[in-house]
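So, here's a batch of structures to check.
Common to both upcoming complexes is chain A, partnered first by chain B, then by chain C.
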Partner chain A sequence: MVNENEVLITSKENATFARLSLDKGYARTLVELAVISIIMIIAARFFRMYRITDFMVFIIFVLSFDLLYGYMGHLSFGHMLYFGSGTYASAIFMNRVSGNPILGILAGILFAALLAIFLGALVMKTHGAAFALINMGFNQIGFFMVVSGLSAITRGDDGMAVFPDPLGSIHLGNERILFYVVLGSLLAVFYFLKRLTQSSFGIMIRSIHENENRVKFLGYNTYRYKIITFVISGAIAGFAGTLTTINYGFISPGFINPFYNVNPIFAILIGGAGNLYGAIIGGLVFKFLSEYIAIYVSTWELVLGIALLIMTFRFRTGIVGSVKTLFGKLLKERMGGGTK
Partner chain B sequence: MMDTILFGLTIGAILYLISIGLSLTFGTMKVINFAHGLVYALGVYFYISLLPRLGSFLPAVILSVALVIPVSYLIERLVVRRLYGQSIDYAIIATYAVLLIGTDAIKIVYGAVPYPLSAPIRGSFSFLGASLPIYRTLIVAAAVLVFLGLTLFFKKSMVGKVVTAALDDQEGVRCLGLRVEKYFSIIFMIGSGLAALGGILYAPISAAHPYMGFYILLMAFAVVIVGGMGNMKGTFIAAFALGLLISITGRIYSQAAEVMVFVAMALVLLFRPIEDSSH
Partner chain C sequence: MAALFKTQGMTKKFGQFTAVNKVDIVMEADRVNGVIGPNGSGKTTLFNLLTGFFPPTYGSIDFMGQNITNTSPQHRVSLGISRTFQLVSVFSTLSVWENMVLSTAKVHHQDQKVPWFYFKYAGDSQIRQQCMESLEKVGLSDKVNEKTAELSYGDKRLLEIGIALSMNPKALLLDEPFAGLSDIEIEFVLQLLHELKQHLPIVIIEHKISKIIELVEHLYVMKEGSMIMEGDPRKVIDDPVVLECYWGKGDVRC
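And now, the complex of A and B:
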């Protein structure tokens, strides 16, 4: 159990840190963004470019999940719902209303965010196991809707092709252009989440993770903070979904299937929960594993399951956590803020 | 209309058999056990292997359920028990991992193709007509018997009494010097055995496939949430109510049948927020 004043002290320290980091933080943030870009560009040279684009989209999804699970401590088994609603909303918008990909992306994000507001108000009344399961239930409803309930619009199991219009001379069908668009999106999401998690809002949601009752006793309306976090997380997941629509040019119910909720959870466990670097590293490693192990091993789920078991028992802090323990204080000082 | 009601009661009976284990596991150990879906599917596949060798229904069922129990003991001992008292997230993830491993193992041994099973009652003519199918009536009767048996078990037997007390106040029971883990382990195995039984009884109505556990788990979770986590009578009523809801919705608008379960779950949450103690 936490000491009486620990949450308060942590908050104060973090607040001080956040204020200090504003001054000298820009240079560091720029370096971080540059490092991420360089890693992705190098990876794109060695592997197929569209693969790395796909990886980055997945990392955006993992980042959104990290905000909810890693930072606020709410494990959801239904985050694919928001990813999938982004996918479907953007595809249907681009096919039926306007082919403009920017409008399509905005429509997808908006739809996912609205859904998250509506359902978040409900699911945030619960926590722990009930929270995980209820999200899974809603995801299942969404999946049923796509497969059969609304199959007139979503084309059910057949899925549908999407053809976004070119923006002037820029054609998103070009894999190089799309790569840089997605890279830019990843950097933007990373930067946004970094600022968010270091702000007083970020301290609040981490305090909710530590001990929600204590935060309530301090007079804060935690319900409101939780819904806002849920909506931000859902909107970013929806954003990843819209990028998937454009990247694949074809969508199917697989993008909203609750079965795949285990992917972001696994990625976060690999990298380390509650840590933006962890989400990026975990997302990359997970994608490499799932793409390349699946080629050689037909029993991918078996490997995934065993790896998950090992990680829950022996390797809980993930790669980032293990590296940090290894390098001890030296690295801890350097990484600061976004970690706990 | 009568057959719709009977179908609803059949689904309810199956849901009850599967959910009771989940509900008890959650009530006692505070663990959401995804591996429950594995023992459910495993029971069916054991039955598929055993039926041709034994030739008749009842011995095959008894033996398959008996075979599932050691598996569930291993799951409890090696995975669930090691996560007692820790963050519930790890238990969810670890038991989900067990479900993934087991499902893939089933796929390796039996293949991924759905396996149809015929209903075991001899004289199959009796359930093809418009009259009520005997097999389904028997399933409902079996569930009611299990409910009565469990009620008796929890009232009369030592294990049952300890677990009933632990559902209420676990620390109190511990203070009496009783090792609750041992009793929970027995409950875990009983719940798993009943899930396997539910799976075997349901398989002739649907079909056996490796992912059957994933699908039914979602429904069972809805039952547990509607009935109240760890509430035995609530689980019984919720299972039959949701079973009827599925069959009646299915008659009116078949595509919405399964969705209604989750709608009901959402409504229950809206009007009765769950105050579970997940830590």
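And now, the complex of A and C:
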């Protein structure tokens, strides 16, 4: 009898192990990356290519925001600071130091990351409303530095044009090449975040979201991990900023204006927080609403506002979360029917 | 061998209110220590002081001969102090095994200073194997993949004890582990604790004496923030002072 029981338990264990190791599956990740590429390429056929490029840059920014807000539960009203410092650092670097776009991108990411280390050590002492507002404060300071404080370098309200050098025969000014470069960047960021959120570290930041004190009682210095997350998020936001610089070829203080911080928040609420697909779908839907409804309805913000109201009242978990629960329900019903 | 916990004049004040008042205790490591007392007598505050939730207003705390009066919870965990909470505290948005990962990884990677190992896939075999072992101890191994939010309250309690055990503790502090459990679940947890006490010092808070009288080998009684009595549990609960503080005046037995 005892032996039989033991066999039963181990086979059960093996089954659960097998199920979980599937989750890691590189095959599944590959399929996901392929699906994202196909959606973007098809979208680029039906709409202007440079617009889809712009959408993808925005999605990278939303992904960075999702790591901070969706996964770790820290809502920031000042994430445009890291996006903007990426745009400005890369533009200034390419205009003054070297026109190499790769070096320009690296400079932008590095600057955003350094700023996030420096400010993260401070803002991560707070949470909740204080965290949101202290970030907005820093963002506002950054905005005014760009507009007036450092206008000798940033050209203030006038903004500045950027002309990256071609890389051998590859010219980033070419719409098609840039599209694929940005698509590659999106896939890279998605893959990186996917691995990150499935790691022990990912479990840690989700745990911090739910109950930070409890994580401390597991023996972790949560402050350190919160800063690391903030820096990763800031660096990815900066990366999106550098791509914006190259995509537009012209930058202005609008790129660092804290006002536009509502965009990623809207996008995440529409798509579903704490979910990488939610960030992608939310980013796409938000951009389509804001770019294409604006053609037909002059007061498109009204439509967006109503959509957001519906989302927050009826579909709190966003598009992805709602679809998931719906499928879960259908599956359960079918299983229930099967056993009867 | 130094005492498990030794406090001297430990006091905690919240504003004007004194939650724990000049407590001097020497908890030995080779026995199960129980702390009882009516509601609001400062039992949980005592625990919070021992585990570093907040520092004491006055006094000192030693753990196995080491002064830990003002150290952080993280540091105390690294010394081996592991606790559960009065209201079950697990991560309900995570799955059962994900709940175990952090505590297990902490022990698993103790020697490594660099935090980068955390970026490895969490479901990798070694840590998962250890998670399974801890889950088996508390009888949850067949629920590894379930969402924690869907577990019964008793299972959540077991999960919390599993998390505490996976940290390789040198002392296990349980804050009302039987609160909210059904009789069958209480029986199971009691059995588990009887096994654990063979090789692990346990400190247990309980509101109702009857449940732990079989388990506990040394009993402390708190009242209004002060330690009013300690000693052999059977003698302590028959003491008139204790009876009075629990049931008021008169001869009533539990």
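Just so we're on the same page, the second predicted complex is superposed on the first by the 304 of 340 C-alpha atoms of A that agree within 3 Å, B and C clash if a C-alpha of one lies under 4 Å from a C-alpha of the other, contacts with A are read in each partner's own complex, and residues count from 1 in each chain.
Keep in mind that, in the parts below, a residue touches a chain if its C-beta (ideal position, glycine included) is under 8 Å from a C-beta of that chain, and two chains touch if they have at least 3 such contacts.
Keep in mind that this is a model prediction, so the values were computed, not measured.
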| request: May I ask you to decide whether A:H209 touches chain B, chain C, both, or neither, giving the answer as first, second, both or neither? | output: second
| So, A:A130: does it touch chain B (first), chain C (second), both, or neither? | first
| request: Quick one: classify A:G149 as touching chain B (first), chain C (second), both or neither. | output: first
| query | Once the shared chain is lined up, is A:I42 touching chain B (first), chain C (second), both, or neither of them? | reply | neither
| query | Should A:F313 be classified as contacting the first partner (chain B), the second (chain C), both, or neither? | reply | first
| Now for A:F217: first (chain B), second (chain C), both, or neither, which partner does it touch? | second
| query | Taking the superposition as given, does A:R195 touch the first partner, chain B, the second, chain C, both, or neither? | reply | second
| Residues of chain A that lie at the interface with chain B and also at the interface with chain C | none
| field | chain B - residues contacting chain A, complex | value | 26, 30, 32, 79, 82-83, 88-90, 92-94, 96-101, 103-105, 107-108, 214, 218, 221-222, 225, 229, 255-256, 258-259, 262-263, 265-266, 269-270, 273-274, 276, 278-279
| remark: Counting only contacts in the complex, chain A reaches chain B at residues 69, 73, 75, 77, 122-123, 125-130, 132-134, 136-138, 140-141, 144-145, 148-149, 258-259, 262, 265, 269, 299-302, 304-306, 308-309, 312-313, 316
| note | Counting only contacts in the complex, chain A reaches chain C at residues 9, 12-13, 16-17, 19-21, 23-24, 195-196, 198-204, 206-207, 209-211, 213-221, 224-225, 228
| message | Considering only the defined contacts, which chain C positions touch chain A in the complex? | response | 51, 53, 72-74, 77-78, 83, 85, 89, 91-94, 97-98, 101-103, 105-106, 115, 117-123, 125, 127-128, 132, 141-142, 144-145, 163, 167
